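As written, the chain order gives the labels A, B, C and D, with residue 1 at the start of each chain.
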């Protein structure tokens, strides 16, 4: 099961050719991760206070295959790939059925009041797993 | 009839006290105007090309009564107040039933290829009127 | 004495006509207030922690007279108008010597750990006063 | 020679822990590329109209090593690595002398009115080369 949301590219996201500025695409990706975490019951604005950890970004990589334009309804899919102490959010975005951009955000599980990383707590792991792909090694590779 | 959308304040909208940065509130207001124009069939990204005019902003005024926080579901209402050559989008935003911010965007109808202003075309006027308040003098005043 | 900075409108600020999106203008205004507060020794990111109060926005009003375009060097002037418990940041922005937009941000002095407002502390008042206009009643009116 | 600018992290860039939101870092990177292109005489807002091509982004990759906080003066270095039909902008950002984030934007040279890619024009190549690293194969690899 993959998490999915539709991002409508707005006039104010677009440049002088009518196509979305890259920083606005990153905004939409980031918003998607926020919507996803909320949907599984672990919103960013609660996990630190209520659970004592965060999921800071350590890497992002995106490839842009086709521009998206103001008015486009872009379907953004998010699939978490779970590691022991990290999770990679993998994205595929399509407009009119064709891939517009793909990429990932690598996030590490970090205690709110300390240094370094920690294992993904069981309840968060369980919630993420409902949307995870079969691979599940947290590095974005395909193992088979 | 008032146009209404729900804006979820995201983690990345919020400051070090957990409350939304003002520029992010303006983004949300602007997005609301974009969603509204799309909903009535006159999206910003089409009106210039297909209809030959735009609705540039000439003034904005907002008052902030209560802060909104990451995770808040903010109901943003938009009511157009029609003038002859302009339209004022009036906003009331509520969180938990209490007013968080109010304000307006004053927009003028301007030909795409010229100077100055023009009368609101009949089809746009009709579409806006479905959501307009009873006053309809385009200046935000209450006449009665 | 007026605080002044130059804002270069970037490609990613501009719309399909090459003119700056309004939310990006608001970003630039807000950045200007941040730069100003830093320049007088009371940066936003320190005043709460070190001084125990903040200057939240209670109202903003802007009028847009001429569009600004990608590549424009926009001179943004900020003049504080001091009240007892508030300060109004008044803005005039010019491009090529002509006024592009004007407006103000009304800010109230609020204790970080409480409700309501408080008098502007003497040291902040003194720092703001170096850039203040002669009127100094904090309401943006001209008294003479 | 490397292009360098200082980005001051603003209060409105920061999250509830005082550290910059990732989308705001991407804004700063993108602004840096815009400032760089302006500094070498090929601003984004002119190249399409005056030269007939653009440099759309095809990939971005960033690694975040240390958070940056409101008030930090972040030195962002940009070094172009030139290919035949593309250029990679390589970034290293430091705060207090330590690396905060690194990454690259891969950009392709594309004709404004057509499909596919084109060779970097000589004048643009010459301007970029003044800041380019010795490698110059446009793929970010170290060859020696």
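The rule is short, and it goes like this: a residue touches a chain if its C-beta (ideal position, glycine included) is under 8 Å from a C-beta of that chain, and two chains touch if they have at least 3 such contacts.
Remember, it's a predicted structure, so these values are computed and weren't measured experimentally.
S.K.: With chain centres set to the mean of the C-alpha atoms, which chain is at the far end from subunit C?
M.R.: Chain centre farthest from subunit C's centre: A.
S.K.: Once you find the CA centre of subunit A and the CA centre of subunit B, what distance in Å lies between them?
M.R.: 30
S.K.: For subunit A and subunit D, let me know how many angstrom lie between their CA-based centres, rounded off.
M.R.: Between these chains, centre-to-centre, one finds 23 Å.
S.K.: Where in subunit A do residues touch two or more of the other chains?
M.R.: Expected reply: 11-12, 14, 16-18, 21-23, 27, 30, 45, 70.
S.K.: What pattern do the touching chains form: line, ring, star, complete or other?
M.R.: Drawn as a graph, the chains make a fully connected set, so complete.
S.K.: Which residues of subunit B touch subunit A once you look at their complex with the stated criterion?
M.R.: The touching residues are 8, 10-12, 14, 18, 27, 30-31, 34-35, 38, 43-46, 69-71.
S.K.: Under the stated contact criterion, what part of subunit B meets subunit C in this complex?
M.R.: That would be residues 16-17, 21-23, 26-27, 30, 45, 48, 56-64, 67 of subunit B.
S.K.: Given the complex with subunit D, which residues does subunit B contribute to the contact?
M.R.: By the definition above, subunit B touches subunit D via 11-12, 14-18, 21-23, 70.
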